[in-house]
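Each of the two complexes below includes chain A, the first together with chain B, the second together with chain C.
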Partner chain A sequence: MAVKVKRRTPNRSLYGDLINILVLAGFAMFMALPLVYAVNNAFKPLEELFQFPPKFFVRNPTLDNIRDLFTLMNSSWVPFTRYIFNTVFITVVGSGIHMFVASLAAYALAKHQFPGQKLFFNMVILALMFSPHVTAIPNYLIISKLGWLDTYLALIVPAIAAPLGLFLMKQFMEQIPVSLLESARLDGASELTVFRKVALPIVKPALMTLLIFSFQSLWNMNGGTFIYNEALKTLPTALQQIVATGFSRAGAASAIALFMMIVPLSVFIISQSNVMETMSTSGIKD
Partner chain B sequence: MLPDNELPIEYPKKPTVLRKTKGKLATLLKEIKRNKVSYFFIAPFGIIFIAFYVLPVLISIGLSFTYYNILEKPQFIGWQNYLNLFVSDDLFLKSIKITFLFALFTGPISYLASFLFAWFINELPRKIRTILVVVFYAPSLSGQVFVIWGIIFSGDQYGYINGFLMKLGFISEPIQWFTNPEYMLTTLIIVILWTSIGAGFLAFIAGLQTLDKSLFEAGYVDGVKNRWQELWYITLPQMKPQLLFGAIMTITSSFAIHDVIVPLAGFPTTDYAAHTVVSHLVDYGTIRFEMGYASAIATLLFIVMLGTNIVIQKLLKKVGT
Partner chain C sequence: MSKGKMLNKKGQGSKGFSLSLSQQRAGLGYLFISPFLIGFILLFITPLFQSLLYSFSNLNVTSTGYTLDFVGLTNYNQVLRVDPNFIPSLITTILQMVTKVPIIIIFSFFAASLLNQKFKGRGFARSIFFLPVILTSGIILSMETSDLLLSSAQQVAEEELTAGAMGSGLQFLQFRQLLFSINMPPMFINFIVLAVDQIYEIVIASGVQILIFLAGLQSIPLSLYEASTMDGATAWENFWKITFPMVSPLIIVNSVYTVINTFTSPDNEMMSMIQSTIFSQSKFGFGSAMAWIYFLAIAIILAIMSAILLKLVAKYQQ
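What follows is the complex of A and B.
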């Protein structure tokens, strides 16, 4: 057995562990398959992209696709770095504020009692269930009434109150033992301090998970309905404009698919190793 | 730091503050004043949430009672949209069936798989765990990678599956995986399942990290014999909040399947064989510009999800008992 499983507990049979690893390995291959394919495709020359019978792995890796992508980028109206800045700015600011604001509200919902609490939480869950295809138009009207068309605000502000974030954080905050909070309060800490110094560190795994949800949705945000000014457009919009679908652009398209994946993937890896990190140090204890 | 040995930790809401705000405005105002810190905490999220999520939903529900083509002012027509949906829209009735079919096949499987994968992964050493979490979540990470399946299941002989099956001699003609109604649903369900290890899975992973370790030790002392008993009596009861989160995320996504179908099987699909309620809604909302009708569809879908949610919450209460 290549992987030595550290026995955290006595309740584990060797066979169980073996089956566990085999099952996971099998499914991991199934899950990773198209991703490996995406990476390979990005380096395939055009003739390999349309080869029959198709090959999974690249034979003669080439950087042509990536060069194509850069040529396409250089032919854009505004400097391409501008799109990258827009998306990075929206993603970083949006995720940061969202994580703070959602956790703060989640803390109050999970650990305080006040009139309207249940109603508010139910509204959050219900909002998750209503089809965004339909709310798009009222949303557009609200944003245009506010005069936010063609501003970053149109993309950042709604993302701050994404119901998913509050729901996630509230579920985790519920598990924090009241006694921990009480003892901090007895020490004279203000509610805000209790939230920041006691509650947030305990739910760090959830916070790291929220980071990836938020980052992911903002990074892939198209925003085409709210932003018409070329200089304010986001990366996905720009890429969509560049790659007119067609055979000749298939190479650039596969390079783009890879590029759009790499950044959130890196953030995800960093945040996940943080989730795992906390395991050794904490865990909720009374 | 000593744990009390009761296994399911639940922290019941203290009924100290709310002593039934029985309509008396004065008491309510007093309560609000007393809890002003809570309201300050909720305010930043709450205000934005109401403006950009609650208000649009209320407007949409309102629109569902109107004829609204976006260009002209909405005209109130009462229950007409709902009536039309059930009486004269055969395609809608068909789409309900397809939606339930998708939800039934993808929802429970993806929920169970998400949990089991998370739980299995949690047994492994840390480094491997991180890698596996990344691999399993990767399909959800990049919104559009699933179009790769379009190439794998491509209907011509260039498709991997077709190429493979033809080489082995199982088939002589390529199969139209995404356009032949006979295969379409199965193929789509495979792809949907592949993309469905998402928010719930990550919440489970994070939830497993915050478990109280001392409860496990207490469990061994009390005679928990194997990992399955440990799962049922110790792990699951502690993870109820995450289980609920995962369940609701699964409900919302498995009843709203549409975005995966379009790039793979086209829109509309052949013979409307994979026409879901959301497909129907998108058809009316963004192609025919009948927003009132589309809003009525959305409202009905919303009610269905709500009902499922109530049933699931009842089921989850039984976990660990």
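What follows is the complex of A and C.
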């Protein structure tokens, strides 16, 4: 039988690329403008910051704002690096533990059967829906009864138990074929090994997404309600204090704002470039 | 965390008894969720029920703490029957959500499948689409709103916009007429006009959804595409027969997330109403009752929506 093989052009042609980039660029404009504005603001001299109507692009770029920031850092009551340490510490510890704990719970929910499973997952969704204003006061009372006020725990523990992470991971864990897990068990892997060596690598893209969410929310955490000790305050709180001082610090504030944005953005870029095509379901279908 | 460890020990201790395999599995399941569960019950479920308690009472702040006077359903009665603003703003919030969610889902799926393709500068494009997630949360947003100068500038801009709105309003009317003249049903016209009108908000609100879809697209094994391309499938067929079914469970996830996110975002009419009732007027019981009614409304909508979507997805995956 003479089989005629049709030669296909590769899926991605030059025009395809071009259209892709054009469409994306159109939407990207909306999204990038605020960042461009922030970058420009960080290099504006004071008189340009207060120009009215405000100019989008900087005319005479200076490094004054950044110098201001350093002077401010040296003259503040608590060394400024302390704020940075606080935020970095909570963010790294909090999101690390959250990722592990949430995906462990998600794995159990998706791949184990036990009574009360459905109820628990529904509770997670309910907790997601509830408005944070209403639980603000009871939350404060609980934290204060536990004696966690003025400790890192008050910021880290709520982030660890955040329902969004569990919700997201459970949906991804459900797509792992059971036969893959079973074969690992048959080979004598303990349940924890199955989780660590089989389940987690498969959901790596989701895990990276979770890392970004968790990092993002902790990095912006303004623990003002729970932390009164100046030495334990986070960077966003410090930033708010600087902004509240008024116009004289506007330059320094715009420089910090840029810094606040750059860090999560770089985490995002690094984590995204880490996500390779996973082995995933490897053609197994259940 | 110490409580978590205690439970862990208990779980391991129970291994000594002879248990059936399913019991062992169930035990392991409890063991695995226990660290999460303890924090979750302590910090999320307890406040939830406490607020339910508040909604049935009048909360009075005293020097030593607070006292609760049980008033039964009075707060609910007041919210539903007396307050003139509650029900209209509940309805507008729900209507806004119903139109917004499908647009956000469609847009983010579209953007994610574009961003998943291989082209130069992909990483850069992805990070730009992630920007709104950074910019619309936390300190930067509060800075923008607290910035005196910026807010005054906004006011001027808004005034100018309303002055110029006549012109753009006319343009919009023309756009609507154009759609009407090509015999489009009015429902679609409203949908499209709304989508165009709110494009900024929609693009800004879909950062997380794009990420979730992207993570889903990345976990589709390449071998599936290779196999089907070998069998002669086109890219179009690949998309509908592989990509779409593989990602469709995430459509539910994303819809649930979007609904929750639009309902609980701070710039929502209902949320600001609840916040001002609780914190500015310090009517805590009244505010809690509002929040619980709102919460029930969301729960009902979510239940209906996920039931429909589950059916559709199950149908598609067969």
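Just so it is clear, the second predicted complex is superposed on the first by the 246 of 286 C-alpha atoms of A that agree within 3 Å, B and C clash if a C-alpha of one lies under 4 Å from a C-alpha of the other, contacts with A are read in each partner's own complex, and residues count from 1 in each chain.
Keep in mind that, in the parts below, a residue touches a chain if its C-beta (ideal position, glycine included) is under 8 Å from a C-beta of that chain, and two chains touch if they have at least 3 such contacts.
Computed from a predicted structure; not experimentally measured.
Visitor: May I ask you to decide whether A:Q240 touches chain B, chain C, both, or neither, giving the answer as first, second, both or neither?
Guide: Touch partner of A:Q240: chain C, not chain B.
Visitor: Output check: A:F56 vs chain B and chain C. Expected answer is one of first, second, both, neither. What do you get?
Guide: first
Visitor: Going by the contact rule set out at the top, does A:S75 touch chain B (first), chain C (second), both, or neither?
Guide: It touches nothing on chain B or chain C.
Visitor: Is A:N220 contacted by the first partner chain B, the second partner chain C, both or neither?
Guide: Touch status of A:N220: both partners.
Visitor: Touching A:Q272, do we find chain B (first), chain C (second), both, or neither?
Guide: Both chain B and chain C are touched by A:Q272.
Visitor: Report for A:A28: first if it touches chain B alone, second if chain C alone, otherwise both or neither.
Guide: Both chain B and chain C are touched by A:A28.
Visitor: Which partner does A:P177 contact after superposing on A: first (chain B), second (chain C), both, neither?
Guide: In the superposition, A:P177 touches chain B alone.
Visitor: Considering each complex separately, which residues of chain A are in contact with chain B in the first and with chain C in the second?
Guide: Residues common to the chain A contacts of chain C and of chain B are 6, 11-12, 17, 20-21, 23-24, 27-28, 30-32, 34-35, 38, 50, 52-54, 101-102, 104-105, 107-109, 112-115, 117, 120, 123-131, 133-135, 137-139, 141-142, 157-158, 160-161, 163, 166-168, 171-172, 174-175, 191, 195, 202-203, 205-206, 208-209, 212-213, 216, 220, 257, 260-261, 264-265, 268-269, 272-273, 275, 278-280, 282-283, listed in rising order.
Visitor: Could you please specify the touching residues of chain A with respect to chain B in the complex?
Guide: 3-6, 8-13, 16-17, 20-21, 23-24, 27-28, 30-32, 34-35, 37-38, 41, 50-54, 56, 101-102, 104-105, 107-109, 112-115, 117, 120, 123-131, 133-135, 137-139, 141-142, 157-158, 160-161, 163-164, 166-168, 170-172, 174-175, 177-178, 191, 195, 202-203, 205-206, 208-209, 212-213, 216, 220, 257, 260-261, 264-265, 268-269, 272-273, 275-276, 278-280, 282-286
Visitor: For chain A, which residues are in contact with chain C within the complex?
Guide: Touching chain C from chain A are residues 6, 11-12, 17, 20-21, 23-24, 27-28, 30-32, 34-35, 38, 49-50, 52-54, 101-102, 104-105, 107-109, 112-115, 117, 120, 123-139, 141-142, 157-158, 160-161, 163, 166-168, 171-172, 174-175, 191, 195, 202-203, 205-206, 208-209, 212-213, 216-217, 219-222, 236, 239-240, 243-244, 250, 253, 257, 260-261, 264-265, 268-269, 272-273, 275, 277-283.
Visitor: Would you mind writing out the residues of chain B in touch with chain A in their complex?
Guide: Touch list, chain B to chain A: 1-4, 9, 11, 13-18, 21, 28, 31-32, 35, 37-39, 41-42, 44-46, 48-49, 51-57, 59-60, 63, 70, 117, 120-121, 123-126, 128-130, 132-139, 141-146, 148-149, 151-152, 157-160, 163-164, 166-167, 194, 197, 199, 202-203, 205-207, 209-214, 216, 220, 224-227, 229-230, 238, 241-242, 244-245, 248-249, 251-252, 256, 278, 281-282, 285-286, 291, 294-295, 297-298, 301-302, 305-306, 309.
Visitor: Write out the stretch or stretches of chain C touching chain A in their complex.
Guide: Within the complex, chain C touches chain A at residues 1, 22, 25-33, 35-40, 42-48, 50-51, 54, 111, 114-115, 117-121, 123, 125-135, 137-140, 142-143, 146-147, 149-150, 153, 156, 199-200, 203-204, 207-208, 211-212, 214-216, 218-224, 227, 232, 235, 249-250, 252-253, 256-257, 260, 263-264, 271, 274-275, 278-279, 284, 287-288, 291, 294-295, 298-299, 302.
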